[in-house]
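Here's the structure, in structure tokens; my notes come after.
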Amino acid sequence: MVLIRDLVIQGAQMLLVLLLAPLFTGFVRKVKARLLRRQGPPLIQPYRELARLMRKEVVLAESASWLFRVIPYLIFAATWVAASLVPTFRTGLLFSWSADLIAIIALIGSGRFFLALAGMDVGTSFGGIGSSREVMIASLAEPAMIMIVFTLALIAGSTQLSTIAAFMTSSAVGLRVSLGLALIALVMVAIAENGRIPIDNPATHLELTMVHEAMVLEYSGRHLALIELSTWLKLILYVSLIGCLFAPWGIESAAAALPTLAVGIAAYVGKLAVGGFLLAVFETSIAKMRVFRVPEFLGAALMLGLLATLLRFVSESF
Amino acid sequence: MHGLDFDVAHLLAGSLVLVSFLELYQDRLYALLNVYAAHALVLAASVAWQAFIQDAPHLYVTATIALVFKAIVIPVALHRMIVRLGIHREIDKVVGVGPAMLAGMGLVALSMVVMLRVTQEADPLAREDLAFALAVVLLGLLMMVTRRNAVSQVVGFMSLENGLVLAATGAKGMPLVVEISVAFSILIAFIVIGIFLFRIRERFDTVDVQALDRFRGERR
Amino acid sequence: MTFDGLAINALPGVLAVPVVAAALLAALPNYRASARLNVLATTLTLICALSLLFGKPQPSSYLLVDDLNGTFIVLTTFVGFTTSIFSASYIGHELEIGRLTPVAVRFYHAMYQVLMFAMNLALVANNIGLMWVAIELATLTTVLMVGIYRTHEALEAAWKYFILGSVGIALALFGTILVYMAARPVVGEGLDAMVWSVLVTRASAFDPALLDVAFVFLLLGYGTKVGLAPLHAWLPDAHAEGPTPISAVLSGLLLNVALYALLRFKMLLAANAAAIAPGPLMVTLGLLSLVFAAFMLYRRRDLKRLFAYSSIEHMGIITFAFGMGGPIANFAGLLHMTMHSLTKSAIFFAVGHVAQVKGTQRIADMGGLTETHPLLGWGLILGVVAIAGLPPLGIFMSEFLVVSSTFARAPLLAIVLVFGILVGVAGLFLRLNSIAFGEPRGPAAGTQASYVPMFSHLALVLVAGIYMPPALVVWFQNVAGLLG
Amino acid sequence: MTLTIVLVCAVVLLTLGPLAVALGRTNAATRLVYGASMVVSAVSLAAATVYLVGAPAPESITLPVGVPWIGAHLRIDALSAFFLLVVDLGAMSASLFALGYGQHETAPERVLPFYPAFLAGMTLVVLADDAFTYLLSWEFMSLTSWALVMSHHRVPDNVRAGYVYLVMASFGTLALLLAFGLLAGPDGLYTFSQMRAAHPSAALGALVLILALVGAGSKAGLVPLHVWLPLAHPAAPSHVSGLMSGVMTKVAVYGFVRIVFDLVGEPDWWWSIVVLALAGVTTVVGVLYALMQHDLKRLLAYHTVENIGIIFIGLGLALAFKTHGMNFAAALAFTAALLHVFNHSLFKSLLFFGAGAVLAATGERDMEHLGGLIHRMPQTAFVFLIGCVAISALPPLNGFVSEWLTFQAILLSPQLPAWGLKLLVPAVGALLALSAALAAACFVKAYGVTFLGRPRTRAAEAAAETDPYSLAAMMLLAALCLLAGILPGLFIDALAPVSNALIGAHMPAQGGSQWLSIVPIAASRSSYDGVLVFLFMIISGTLAASAIHRLASNRLRRAPAWDCGYPDSSPATQYSATSFAQPIRRVFGTVVFRAREHVAMPPPGDTRPARLLVELHDLIWDAIYAPLVVGIGFAADRLNRLQFLTIRQFLTLVFCTLVVLLLVLAVWS
């Protein structure tokens, strides 16, 4: 019985993120447009895009290999699994123990690995640009992320996401220097990982500034739809990650009964809204930086993370 | 009586050292040969004296070898060789007389220090003799390393060997002394013949050792 | 009983056979016959030597056979035997290409036997004077053989060897006299005071100061023959310019014989408490030779000189081991000496043929040997691997024992030792690479080489590196005990 | 029993060498040698596995060979059995691979005799139970592998590689020899049991550890002793490269573990700092060097350096925990290290085999001349991809598991009291994370440039799928990578006896935990479930696929690449390995390699293309080895003058020696 219920909830969670992802992106776009005094596309525009891409035929480059056609599914699977393991409205998901925070990061990592391969597959110059820059960014973002995980794990005494979240909701955790540092670092990493301004511009099609767009340049039709969807999933994943780590209020404990879950979901949506709004404000208020300034940006994140971890190592009280 | 034995032996040994110094002092080959002849003479005398006081007749043989072979045959042979090679005018010192002398002094002192640490039980005669013999050996070696051409090196080697004979004869009742001195004479003969060989086969236009070294290894 | 009888006849045999053979060879004009006779003679000598193992004759005042020189005698006669086989084919080739005249070959064979006699005599001599005479004889013989090619280089090498050797002889004699002087007050005048077996029993009462001076002179005198730096100067050129069989005998045997003499006197000093410890002196000279020779390997352009320097290096190690003393180090020293004799002579066998097929000794003119002459090439590689102290060959075991036993006792010395060994290995392989590998250089014509001696030596070394028969071990351990 | 079987196998291998010599360069020789080696290693593998799972008491034998009064002691315990398993697995797959690959060998007569001897050498090292036998087989292993490296000796680089390798190998052996000399003491207690019995003092132990680190590290490829590795491993035939990188380095790790965890006894805490610091540097330096390469095999070799660093991080942590009595943490770190040993041996062999297959198909090792091979060699491309994912430490493959365990061990280290460690361990953790990310980047490059894109040369265009033997070998390894990735619990439990024997504790048994997940400490703390993640991905992937195929149109049209509207038909416009590495080179290279880029611009009117020149400096070589070479050369030159003195000057030498010695006498008393 309990198993069934957990299974249902797990499934619900998976569906929820999947459904909310495009909406969230649409929301961010909308707010940005508003801030720029534009009307902006309707909120459901992303769903339309998906539908359109689905309908269209796939135009495949002659030099594309079988790997090129498999990769979208791999990326989607990896990202979706990762996203479905992040507690959104309820801790103690059925499968949350099957992968801890490190594993989740690694899953996203494998998604990126394949995406970069896809960029190399057709054998164009732009694909290469995209992949090489992507891996360069990742090579700094991932260690920073691991350092953040270290900090949290040392505070909560676990790398288990639901455990950390539960710990964060409990009153045991006060304001801590290391937490602050970790939060800043996490935000910076999230921006970089999702290719938002100032690291990369998701809306750009100016070739030399592209990173993510350059890699998926050769994709079209259903493949592109999957890629886009997993990008949005990744974005919502990071937001809900920040939410459940640093604003865990409203996340129901495992024991919670069904009705109270509604509250949890409401809280989650609220958090998404706030996160999306802040992101949009941030993006409109800052310019994109040159590619080779990115390492400094992420290096800072890495240093912050390392500093936080060191503080934790040195003393429990930080 | 013992006192006299001792003094004469001592005197002869000492004068051998002195002659070694004279050799060290010479820089003309002829003169060097003459001094060497004197060296051999003194050796012969001291060996003979040892034969007398130890009444060991076989030592007289050694004395005669020293007299005939070293004091006469070898010097004459070398003399003729010098004439043939036409190197009689050569001054072949590596280091000047003064430094050589000083070094010689140092060596003599060294040999004294080393030998006089020998306990008194070993009889004084042998001990003094040994000290002088060591000095002669070292001086001979010094001679070899401070001279350039083969003839004077041979001379140096021979005076070194005289020191050995002196030591051997001084060692009372040492067997094989005669054999050894004979063996050494053969060795020296070899050396001299060697020089002749090089000359006769016209491999080298001079016996200057540096000339031999042109053919040193590694074919530079 | 029968064994003893055998042995008693064997001891003179070891000395007489070479003498007779030398006389015959000097008379025999035909090259092939004399080569065969040479082999035959060395075979007989070897048999005699082996029969010495079964029973030792009582020491006379001139001759003595104990475990220590037993080792040396068997080794000497064996290597002498294999070398004579190699020499047969080598000299044959030299005769063909006219580098040697028939007269010279005749002289060569005679001298070969004389050399054998001299070395055996030096080994079995119980009288320090006799030992000295024998070593002098051996030196002079080798001098004559080194000069046998009559080229500028050969004569020059011979001359250098001769002069330095003579000085060494003189110094050694002085040392011998001093030993006699030290012994006389205790043992009494006359022959007994020069009989080693007597001396060693009474050495404790000798005058230490005299013994000290004596040892210094003996160390320098015989050390010159061992080729210890800085007394080594004659060795590389003599090896390089003489006929290769002689290089093999020099490296493989004569150096050992001189070392043997040194060991005898070391035991004498060890028996006298008040005298200086001979160990430190030998250790210092050994390390000096090792490091010096190791560095000299790098700039060598002549194949035989290269391995001559490696001989200096290994003599350094052996002297070091004996200088350290103690059961393990002494055992290692003996083992290393045996292995080095076998390996180095094997290497020279290979080198001789290489030089013949390539028509030169310049390393720069040979290359890719494993392509052009696989057997020679791999034989040479195996030899170098062995001499470099790599397993599974014998020298690895001895170096293992030396280093490991030293490090616990004197770490700094061990560091220097290891450094020297490493530098040496690097130097050797630097040259080996250019000889054995890479694009083939120089003529690729076949050769009627005799591989048997080389590979039999290497096989022995290989076996010894993995398994040593217990009898041999016990024997070596006794000797190590003797050396104290 | 096991021991006897394994020994017999080793003896059989040893006899194969001479047989190969006898058979010469016939095709039969190739089949026989590799076939026999495969069967033999399979048998030995089975024996080792049975032993490791059954975990009975250690067996030992003493043979009457080796140092006479000691004999050769051989012993198999859990540790040896585990490494024996690694060795035999590698040997078996390599032999299988070589059954096909060996057909392309140009000089089989230089490979076949040494190959089985090499295998036997590695087997004997892990069995040796006294110093002599150990070093004998150790150096024998080096020697045979040297011969294999020299097998293509006409290439000048290979000769140089072999030379550097041999010198470094002798250096390492001598270091180990000194270490054993210390442990054995002046009266030569050479057997390991005696060494265990004699507890050395702390200072002595420290010295032994340093020597062991230098000796084993130089063979394993710890920075800065790694210089020979990227030269020698690629120079050998590919199956041997796989063995050297995947297995021989592990044998070196075995040496370190045996000496430090077994023989020395109770270590001081600060030793672990040395190990950790070196290991951390090794990981990052290794992967950075790898990123700069465009020779496929050299790139893989540098990755071996990186992974050795990861292994040593685990060992260093285990050492730190053990010295502070935190045995369970120590067991975790130790198990992580050993698991990574196993994993790396799998995927590194796999990758080298793949490189070998590419080499055989195209004759090229330089990635700049490859590309698009996925179209011509699809199966090879597939297994190689698995290898890449595994070595990049991505779930659900095995590389991730061991790195994950290492991270878990690092997370336990705040309890360490020692301040040095408190500060060092997080930094090491950061380095580990960095190296993981860089490794992923590096293999995107390796795979993307080699297999993806369009062929850059005729050779790459003409490539054909490799032979079934090679494929079988690679498939086997790939399957094992996946298995070890999704069922790590089995392997962790198999390692329990090893860490029991050396640490005195072991990780909690994983067999019982729910859904085959692994739980290093406690379920609440951290857990990972390879199976579930794998299934999850499969399910969601298939879900997506089926949904797409129901909803979306599945029309598909082939067309020229879009490439922002101006596609260029020339494959030269693709990203090359060098250009791919450029961003990372800019970020890290300017410091680590003093990387500089110049543009050689032809003068106006000149039609030649402008060239971008990248110059890199190997700072480690420049800082340590170049001065060494110069110094030795200088000393050699100076001493060499002594060859050219005159006789008189030599006499002077003798004379001076005499005088000096006499002076010594004079001042003696």
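When the chains are written out, they are named A, B, C and D in that same order, and each has its own residue count from 1.
FYI, a contact is a pair of C-beta atoms (placed from the backbone, for glycine too) under 8 Å apart; a residue touches a chain by one contact, two chains touch by 3 or more.
These figures come from a predicted structure and were not determined experimentally.
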Connectivity without chain D (remaining chains kept where they are): A | B, C
Longest centre-to-centre distance from chain C, chain (CA-based): A
Between chain B and chain C, centroid-to-centroid distance (C-alpha), Å: 31
Distance from chain D to chain C - Cα centre to Cα centre, in angstrom: 44
Approximate Å spacing (C-alpha centroids) for the pair chain A, chain C: 78
Where chain A and chain B are represented by their mean Cα positions, the distance between them in whole Å: 99
Chain C: positions in contact with at least two other chains: 159-160, 163, 167, 213, 236
Contacts with two or more other chains, residues of chain B listed in rising order: 114, 117, 141, 144, 153, 212-213, 216-218
Contacts with 2+ other chains: residues of chain D: 643, 647, 651, 654, 658, 662, 665
Chain pairs in mutual contact under the definition given at the outset: A-D, B-C, B-D, C-D
In the complex with chain D, residue positions of chain A that touch it: 14, 53-67, 73-74, 76-78, 80-81, 84, 95, 97-100, 102-103, 106-107, 109-110, 112-113, 116-117, 119-129, 131-133, 135-136, 138-143, 146-147, 150, 153-154, 157-160, 163, 207, 217-218, 221-222, 225-226, 291-292, 295, 302, 305-306, 309-310, 312-314
Interfacial residue positions of chain B with respect to chain C in the complex: 114-115, 117-119, 121-123, 126, 130, 133-134, 137, 141, 144, 153, 157, 160-161, 163-164, 167-168, 171-176, 179-180, 183-184, 187, 190-191, 194, 197-198, 201, 203, 212-219
Chain A contact footprint on chain D (complex, rising order): 371-372, 374-375, 378, 381, 385, 389, 392-395, 400, 404, 407-408, 410-411, 413-414, 422-423, 425-427, 429-430, 433-434, 436-438, 440-441, 443-445, 447-449, 452-454, 515, 517, 523-529, 532-533, 536-538, 540-541, 544-545, 548, 551-564, 567-568, 571, 573-575, 579-584, 586-587
Chain C partner contacts - residues on chain D that touch it in the complex: 64-69, 131-132, 135-137, 139-140, 143, 150, 153-154, 156, 159, 162-163, 166-167, 170-171, 174, 177-178, 180-182, 184-188, 190, 632-633, 635-637, 639-640, 642-643, 645, 647, 650-651, 653-654, 656-658, 661-662, 665, 668
Contact footprint of chain D on chain B as seen in their complex: 94, 107, 110-111, 113-114, 117, 138, 141-142, 144-145, 147-148, 153, 209-210, 212-213, 216-218, 220
